[in-house]
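What follows is a set of structures for review.
Two complexes come next, and they have one chain in common, chain A, joined by chain B in the first and chain C in the second.
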Partner chain A sequence: MELRRPPDAQHAVAALGNGSLALAGGTDLVPLLRDGIVRADTLVHLADAVPRGIDGTRIGAGTTLAELEVDPQVPAALREACAQAASPQLRSMGTIGGNLRQATRCWYWRLRFPCWLHGGEVCHAKAGQHREHAIFGNERCASAHPSDPAAALLALGARVRTDRRELSVAELYRLPTDESRDVVVLAPDELVLELDVPLPDASVYLKAMDRKKWAFPLVGVAAARFGDRVAFGLAGVAPIPWAVDSADDLDRATPLPGTAYKVQIARALIARAFSAL
Partner chain B sequence: MTVPAEKLRLGRVGESARRTDAVPKVTGEFAYSSDAYAAGMLWGRTVRSPHAHARIRSIDVSEALAMPGVHAVLTHEDVPGEKRYGLEFRDQPVLAFDRVRYFGEPVVVVAAEHPEQARRAADRVRIEYEPLEPIVDPERATEQEPLHPDRPTMGHGYRDDPRPNVVRSLVIRRGDPDARGDVSVSGVYELGIQDQAFLGPESGLAVPDGEGGVDVYVATQWLHVDRDQVAPCLGLRPEQVRIHLAGVGGAFGGREDLSMQIHGALLALHTNRPVKIVYDRQESFVGHIHRHPAKIWAEHRATRDGKLVCIRVRILLDGGAYASSSTAVTSNAASFACGPYAVENALVESTCVYTNNPPCGAMRGFGAVQSCFAHEAQMDKLAAALRIDPIELRLRNALAPGDSLPTGQRITGTLPVADVIRRCAELPVPEAEELPRDPIRLPGGAGNTTRGEGVRRGVGFAVGFKNIGYSEGFDDYCTARVRLLADGSAEVHCAAAEVGQGVANVILQTARTELDTDDLVLAPATTSSVGSAGSASASRMTWMAAGAVREACRAALAERERTGGEVDVERVYRHPRTTPFDPETGQVTGERAHVAYACAAMRVVAEVDVELGLTRVVWIGTAQDVGRAVNPQAVEGQIEGGTAQGLGLALMEEVQTRGGLITNASFTDYLVPTTLDMPPVESVLVEDPEPDAPYGVKGVGEPPTVVSTAAILSALRDATGRELTRVPVSFDEVVGLD
Partner chain C sequence: MLELTINGGVHTLDLPVDRPLAYVLREDLGLTGTKIACGEGHCGACTVLLDGIPTLSCITLAHTVGEREVTTIEGLREHPLVDAFVRTDALQCGFCTPGQIVSASALVAANPSPTRDEVRHAMAGNLCRCGAYPKIEEAILTWRD
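Coming up: the complex of A and B.
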């Protein structure tokens, strides 16, 4: 395997695609490579290719979660979501750009079952054990998106600038389809460069997990208030970060037998997040 | 002006002495087995079965052998001696032949210059499998094709159970099992698979001696039993295999069985080079046995005033693919099924079955953890049914010296059950904390999920007990050797494995006490300079090592008195003899089947956010029967660590399997409690010296693990009003109560 370190975004984009993958903090990609879940001929190290740092509402994709969680310019929901993600060691390596591309923790997928998300026919989780899995968007694949910051960015209405376009975080994600099992709309050689995160009047991130710290969200709820409008972004409930307008949207959840509890947690957390704003 | 400093006096028996390994472990200077290094060493790698059950059609190593840096690729055909090994029964292939019986079973081993070369070569070993239907449901295992048609555990004095796939079954019958009381409560309880989750994965270094023998430096729990398993498989005499203890990063029972020992030695002898093997975390999850998952059906009958009349319990343990120490776990689960209570009538059936799930064996608490979870849930249920205070109910039934257990064994030593209950119940329970609080001090922790909404508080209580030492007629002994040198210094040899429990200090404190000097050293633990110490298991090592070292010290002093010169003596210490259970009635056939018992009581305050199902254990108070504390600070450490392990089982720890495959083999997905999940533990050491033991000591490592899972569940039930019959507790049972 080859490791390249292009000097700028343009060179990085040229080096991507055709079996090469982008490497930022490596906290998710390296274990995936080690376990043989993804393969790459070339790794394209982004250290010199994407901006890093926070300037008002603009956040470089190479900014680490550790940098975000302590910066007062960053809205509370995003700071809290970063602070609650992973462990300090991982947060000081992991970048916000990489975090948006974080892969699911679905055991079947990580154990390389020939599941639908891997291009196969069936979702093993639906018939098997699925306590950690989805309650929305789970018709084809019941995996749950694990990113805390992505849920916060969704609630905050953040926008993403890539090397070729600008789109909202809501547009960045889409449920995988039979044609493309990816959860983002980006091209294989497309690079996330920067985020623009509007400042809300108030925001918060609440996260239910299996222990007090250092665990993936069972359900994470980000809430952001802009004037009299409140937006919610949920982690751990769908194959992608999931936006809801209110707790009433949970009436439309499609939980599996083992994930019904998540509907109740989400409902309670939305109410608590709303009253915290 | 200077004042001559007082001579440093190191700890004697009964004093809190700083552990010799404490500072190096904290500063990162401690050498663990994975740090071992030898010039010119190769790296070993194990090729493992991806199937829970399959026939091996063919193995082709040619491509792997041709890979760069590769020195050896070995299969079962290269095992020169016995093809099978086992801790108690020789049922496990060194390298699989014909078929594999569990996910991760070793099939081929590779040695290469670099670990990455070994890994790549391992990927090129071509094994053709014919997958077979795995047996994964323990309740149906006895109706299916036998995994071990030769029934390796039968014919060892156990009950002859004709059903297929029974590792062992034991029935204890006492009095009239149909005796009826005024009230009866029953329940069904389940426990998931717990992992030892030691921080140091399996690792070791095998070094050929150039004369056909081999030295193995490894993290293990019992050096001599390792040697006695390794040597026959290599076709060597025992003295040609020398096992040396390398730095152990935790054990908890998970290092009783062999891991890399035979594989490393095979590769080293084959290549004539030192070979190092280090498992990664994922491999470690399949590289050792786990705590038996269990299903327990229990019925308790009592009089209206709360006196137990009859207890009926059925226990089903899933032993996984190989026997390991399952036969002893089966009998332990049965021995402690009724709890530390006096009851005249009992029927206990305990069965362990083979399946294609991960093999299970020894883990801290060893059968008693599973039983305690069930009997204490039952006692709470009985207290509720009788409207008697649960602590009072336990006191009314507490076992005492002189009483007989359901096995017929009379308690001849100390067992202060009522005392630990009272001392624990006297500990003041902390007041509920004011709101608002830091989220870390609320259920949900750093997730910031509540400011007090939905939070209910509960207080729980549990009592449990367990045996100390090996049981059922096992010839359990410990050897120590003491050299008194001409310069007045002394050297102590004992192969007791320091696994983090503090036995090195026990040995040193004993020797300092007996020889009345600080000028002594503890030699490295090895099979080459001293006889067997037995296993660092069954809460036995303190008792046994103290016994052996004390005898050797006293003999050495007597010898020096007689000869006047340097002396070198070795002594073997044995605890009182035990005898087997009657295979048909489960009754003792001599004075005792277990050597001695230790008990503990624990009180827990917990908070539950009943809307979210999130918990916080607020406070734990415990009183433990320790016989006599050799090193009180170390005993408190054992109590806190053992409690944390039980808290993990109560709240989060479970090895998940699908069709026999482990699905969460990482510390990312298998969660163990952090310090934030652990509350402060207030411990009372109840010192009631054991008459048969040196200095009156008892083991202390297991009782806290036995009771803490049960005590935490008791508190969660009090907070939620739910039955909570399975651990780890699942959200479904708690969430959305409002």
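Coming up: the complex of A and C.
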């Protein structure tokens, strides 16, 4: 394996694809490489290629979660989502760009079961263990998107700038299909460079987890108020970050036997988030 | 060839790209104070400082360390936290202790009088299977005594 450290985004994009993968903090990618879940001939280290830092509403994709968690310019929902994500060490290492593209934590997938998301025929989680899994969008793959910050960015209506286009966080994600079993619309050599995060009148992030700190979201609820409109973004409930308009949307959830409890948690957190605004 | 600055000394090494820093420290340099437990970012046993920031060496590729200075538990021998952990009996098996002290050293450098909540927030990434948490907290809260 080779490691490159291109001086800017243009060189990094040129070096990507064809067996080359982007490496930011490495907190997700390094374990996946070690376990042989993803393969690369070349790692393209983004340290000099992707902007880092916060300037008003603009956030460089190379900014760490630890930097976001303490910056007063950052809306509360995103700060709180970062502060409750992972552990202090991981937040100092992990970037927001990498966080948005992190892979599923479904154990079948991580243990290399030949499941649907890996290109196989069936979702092992549905017939097997799926307590951590989805209540929406789970027809094919029942995995639950693990990103807290992505749910916050969704509620905040954030926009993403890549090396070739601009799109909303809502447009960045899409449910995997038979043709393309990826959860983002980005091309393999496309880099996230910057986020633009509108300032709401108020926002909050609430997270239910198996212990008080340092766990993936069972359900995460971000809420943001712009004038009299409130938007919600949910983590841990669908294969991608999931937007809802109100708790009523939970009536349309399609929980598995083992995830029905998440509907109740989501309902409670949405009500709490709403009253916190 | 790769140059790493570790505890003030410079080491020149020939390493494959996929070699994590923790293995370099332990196996190539004999700095076995840094522990590897989970090896995948979950437990904090392998915590070292990179330019003062607690970092998981088991999932940090040595080639990405660059100019940043590595501090391991061996570089913190004289730190008052070491005595504080002994005085408060803040360990049982001791396997998590190097990582705990490394994380705590960064906390007290930034915030010499942390509150209990601040200790809990900053130390959340260091798991202790023996459950020595109450005494680890006490060691950090009283580190200068």
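Rule of thumb we're sticking to: the second predicted complex is superposed on the first by the 277 of 277 C-alpha atoms of A that agree within 3 Å, B and C clash if a C-alpha of one lies under 4 Å from a C-alpha of the other, contacts with A are read in each partner's own complex, and residues count from 1 in each chain.
By our rule, a contact is a pair of C-beta atoms (placed from the backbone, for glycine too) under 8 Å apart; a residue touches a chain by one contact, two chains touch by 3 or more.
Computed from a predicted structure; not experimentally measured.
Within the superposed three-chain model, A:W107 lies in touch with chain B and out of touch with chain C [touch as defined at top]. More residues of chain A are in touch with B than with the other of chain B and chain C. In the superposition on chain A, contact of A:L269 is made with chain B only, not with chain C. After overlaying the two complexes on the shared chain, residue contacts for A:G128 are found with chain B alone; chain C is out of touch.
Look at A:G26: by the touch rule set out above, it reaches chain C but stays clear of chain B. Contact with chain B, but none with chain C, is seen for A:Y261 once the two complexes are overlaid on the shared chain.
In the superposed model, A:P88 makes contact with chain C only, not with chain B. When the shared chain is aligned, chain B comes close enough to touch A:L206, but chain C does not.
In the superposition on chain A, A:L218 contacts chain B only, with no contact to chain C. On chain A, the patch touched by chain B and the patch touched by chain C overlap at residues 83, 213-214.
Considering their complex, residues 282, 440, 444-451, 453-454, 611-614, 616, 651-652, 656, 658, 661, 663-664, 668-669, 671, 673-674, 676-677, 730-732, 735-736 of chain B touch chain A.
Taken in their complex, chain A has these residues touching chain C: 1-3, 23, 26-27, 30-31, 33-34, 43, 45, 47, 83, 86-90, 92-93, 213-214. Here chain C touches chain A in the complex through residues 16-18, 20, 39-41, 44, 47, 53-56, 59-61, 63-64, 66, 103, 120-125, going by the rule given at the top.
Chain A contributes residues 35, 80, 83-84, 105, 107-108, 111, 124, 128-129, 131, 204-218, 220, 258, 260-261, 264-265, 268-269, 272, 276 to its touches with chain B in the complex.
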